[in-house]
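A short worksheet on the structure shown next.
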Amino acid sequence: MHEPETLGDVLAKRGVSRRGFLKYCATLASLMALPPSVAAQMADKLTRATRQSVIYLSFQECTGCLESLSRTHSPTLEGLLFDLISLDYQETLLAAAGHAAEEARANAMRANSGKFVLMVDGAIPLKDGGVYSTIAGRTNIEILKEAVPHAAAVIAVGTCSSFGGLPHANPNPTGAVSVGTLMEKGLIERKPLINVSGCPPIPVVISGVVAHFLTLGTLPELDGYGRPKVFFGDTIHDRCYRRPFYDQGKFAKTFDDEGARNGWCLYELGCKGPTTYNACATAKWNGGVSFPIESGHGCLGCSEPDFWDAGSFYAPLPAPRAPLSAAAGAAIAVGVAAGAAVGLAGLYKRKKAQQAHTKLTVDDLETEKKP
Amino acid sequence: MGTSLERGIQGFIEQVDRPTASFFESCVRCGMCAHACLFYTETGDPKYTPIYKLEPLRRVWEREYTLFGRIKKWLGLSKPVTEAELKEWEPLVYDSCTLCGRCSLMCPVGNDIVYMVRRAREGMVAAGVAPDGLKQAATRAVKIGSPMGVQLPALKTQIAKAEKETGLAIPFDKEGAEYLMVLSSAEIIEFSEIIPAAARIFHAAGVSWTFSSDAFEATNSGIQIGSSDIATELVSRIVRAAERLKVKYVISPECGHAYTALRWEGPNLIGRPYPFKVIHIVELLDELRAAGRLKTEGMEDEKLTFHDPCQLVRRGGVVEPPRNVLKMVASNFVEMEDPGTLNWCCGGGGGVSSNERADELRLKVFSRKKTQLDQLGVRTLVTACSNCRDMLEDGLEHHRMDIKVVGLTEMVAEHLKQ
Amino acid sequence: MTGVELLNWARGPGLQIALVVFIVGVAIRFIEMWLLGKSPDFAEARGSAAAGGWRTLFTRSLPMPGALKRAPLVFLGGYVFHIGFFITFLFYAPHILFLRAVTGFSWPALPAYLIDVIGLVSIAALVAVLVHRLTDPVRRFLSRTGDYVAWAATFLPLLTGYFAYHRLVTDYTTMLALHVLSFELLLVLIPLTKLMHTFTFAVSRWYNGAIAGRKGVKV
């Protein structure tokens, strides 16, 4: 086995200047809310570090996450992710196919056992023995069971592997679950798990996590959903440049009204920004060009669990998730019938009491006084 | 047959109607009614909170008429009202409530609390749980003809006296008279000045009137004790007499609850409208004044005030007439604090005056009237209810206040133009 | 259960359950009361019962003369929290969106900062009203468990709403879920507690005014 390349070697080969790399590290540091002084340290450490071995497993997914991570025309900040890692197995990107590909995975696992980072993309179906997603005749859960014990940490890439995502959406016909759920249920070994949710996730978040791991040797601090707090600490709404319009009560009512053209708040058009934790409003997309709200569409809440089941993307957040009229109609019928029954029973009771009434006389009052 | 707890509970059940149920549904236990009730304001004892006086009725309503109450009853989660509880509530329902209705004005959700107290008494009396004083008064009213035991000869004596004093013939059992006059027994015994006063006023105004030997007692102990059966018997006497004499009006005398009994409850007790109208004597005086048939001369110049009888004013609707009439004969009439429908009770209405057990409490809470009167510094207090008058005199004496209480009709008679 | 799951439940099945309990409960209590009826009044009327009823329905919102002085806290606290509660409920933009989705009607909202202040003032008023209930002899004497339950049911939507608005205590999603759930608890408890007065007060006031109005008395 040849000496593993350091990250510095790779960067040099790719013609990335030290200055450019410093800039990259400074951006990462700032995104991760680390002091600027860390940037230089980070650059130094990363340059000398061996590229992180990564095995990337794809299950019930749409390849959107991989698209998001790999779609780079020029060495952009996002693109640098692939300089940080040595992607030792990724079915879609792998040149090899069939048995050769399977062998590559086995090799990578063996060579880097206990050191590689396992990235998981897609949910894992459990129903009917997991037959709904298989690779080379093996179910996703089998593959995962085999890989996880050798991994140093697991990064769930995208909402499907983080929370179940689209496959998990009601009625969840394949019994799809997230990596975290599998660990909770004890179906796979427990390893440090980082959920980088989003449909797709923001690439720089993954590079940030990997950089953190490489630089500090630890995983970043996570929120209640196992997401790195530095990227998922605020809601889209709280960081949204349209927030002042919300506070002023200025809302676009349709996608084509004056409010929409003036860039007013999209809350009434179903924006889920208030309940969505992600870095879109700050990190943005496409090399920092824009993010959905900036393009005039409300946030779908894609980085949140069960976002597919949260009702229409275009129904405002306060609107009921399910129609109420049928239930209300039935309730009125039941209520009126029950009320009428109790009321008529009351009337009957009173009538009976009145019929049974015997005239009270003063003699009755006197008899009471006798012992 | 006697009275029994069962009869009492049945009595409560008979009394629950839509307003009662709505009132109980609406109560938020804000306690504001306490601040409208002189039994609370003068004692500071929370048990006198008006709505609390209705607990037995409320519990019967809840157990018998609400789905949740019925479920609770069925599951054994609510206890039936016991005789001991009724006895515990007796002083609250009878001694510390004069049916004045001030609480009904206070209630923010609009509960007519006194409407319910009146109904609660139906159940209480059917259970035999009512003050002895009231039971005895009701018995005398039914058996002798008057709660104070006054009989026809006593009235005839007073009428003879009045005829002699005024030189006027006072008509008796005159068929076809326009007005039938009835009196409260207090007016026959204590405040008999009303008889010559009325005679002189009606003579001067040319009013065709009569007394009836069949029905001269206007008061109704049945209303006070809360028995519609007894109240019906008593009110029917007047209705029968009025129908026999074919009068157009029955004059309710200067007595608050007699007015309520005759004017507002009577037709409902007998279950049909009257073929005659009921008019309070002060209303009649005001009508005569407006028609120019009542002419007075001279004025009372001393500062005086008017005590609004609750049943006449707040519960009766005769608010302006006493003021109009009083202003004819008094140049220095001043209103008390909280006049008219806001008035504070004398403390002895609603049967409290017949209930000796309540005397101590009644005299204690008279402090409210004392405060009102002290603020004005008047020496004369006019009213239009002989029961109020009796209670005011008692209270004033107890509190050693030197204030004269005068009946309005009498005062007018004194100023009749000769 | 995660905050999002809780919110999804609250906005979906939770709301349906609460609405059904609310409608069934209110219908039962209202109809069982209404059907009891009122016997006809044979006494010759001096004034109009209906006019008196309608009049009192509105005028009873104002305190009886002298009442403010006798129990200022009950009245002021009561006014502030009732008015505050309804302003925050009816005029906060997200609430209007909820009501629009449910009823089809919508109306202009008040600025959020104003709702914030009104909500806080209402919370303060409710706390004051509770302290008064616990310390004042009359109110303490009258109070039953249900009164405190009703208080809490009124208080919680305001409190969780305030917390959610200011991102306090826990994450916004969870707090929003708790806010929606507290509103659903309020809906459920309306027919189960004295909160039923929300509907029956109108009947009570009407009868009070009508009974007096018939006699020519304005109450």
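Brief remarks on what is shown
Read from first to last, the chains carry the letters A, B and C; within each, the first residue is number 1.
Definition applied: a residue touches a chain if its C-beta (ideal position, glycine included) is under 8 Å from a C-beta of that chain, and two chains touch if they have at least 3 such contacts.
Just so we're clear, the structure is a prediction, and the values are computed from it rather than from any experiment.
Looking at which of B-C and A-B shares more C-beta pairs in contact, the answer is the pair B-C. With centres taken as mean CA coordinates, the chain nearest to the overall protein centre is C.
Note on chain placement: the centre of chain A and the centre of chain C lie 38 Å apart, centres being C-alpha means. If each chain is reduced to the centroid of its CA atoms, chain B and chain C end up 37 Å from each other. Once the centre of each chain is set as its mean CA position, chain A and chain B turn out to be 75 Å apart. The residues of chain B that reach two or more other chains are 16, 65-67, listed in rising order.
Multi-chain contact residues, meaning those touching two or more other chains, occur in chain A at positions 338-339, 342, 346, 350.
For chain C, residues that reach two or more other chains under the stated contact definition are 28-29, 32-37. The part of chain C that touches chain A in the complex is made up of residues 2-5, 7-8, 11-13, 15-16, 19-20, 22-37, 93-95, 97-98, 100-102, 109-113, 167, 171-173, 176.
Residues 28-29, 32-39, 41-44, 46-47, 56-57, 60-61, 63-67, 70-71, 74-75, 78, 136-144, 147, 150, 192, 194, 196-197, 200-201, 203-209, 211-212, 215-219 of chain C touch chain B in their complex. Contact residues of chain B toward chain C in the complex are 16-23, 25-32, 34-36, 40-41, 44, 46-47, 49, 51-52, 65-68, 104-112, 115, 263-268, 270-274, 277, 313-317, 319, 338, 341-342. Every residue of chain A that touches chain C in the complex is listed here, in rising order: 223-225, 235, 238, 246-249, 251, 267-268, 274-275, 277, 304-307, 309-311, 315-322, 324, 327-328, 330-332, 334-336, 338-340, 342-344, 346-347, 350.
Taken in their complex, chain A has these residues touching chain B: 338-339, 342, 346, 349-350, 353-354, 356-362, 364-369.
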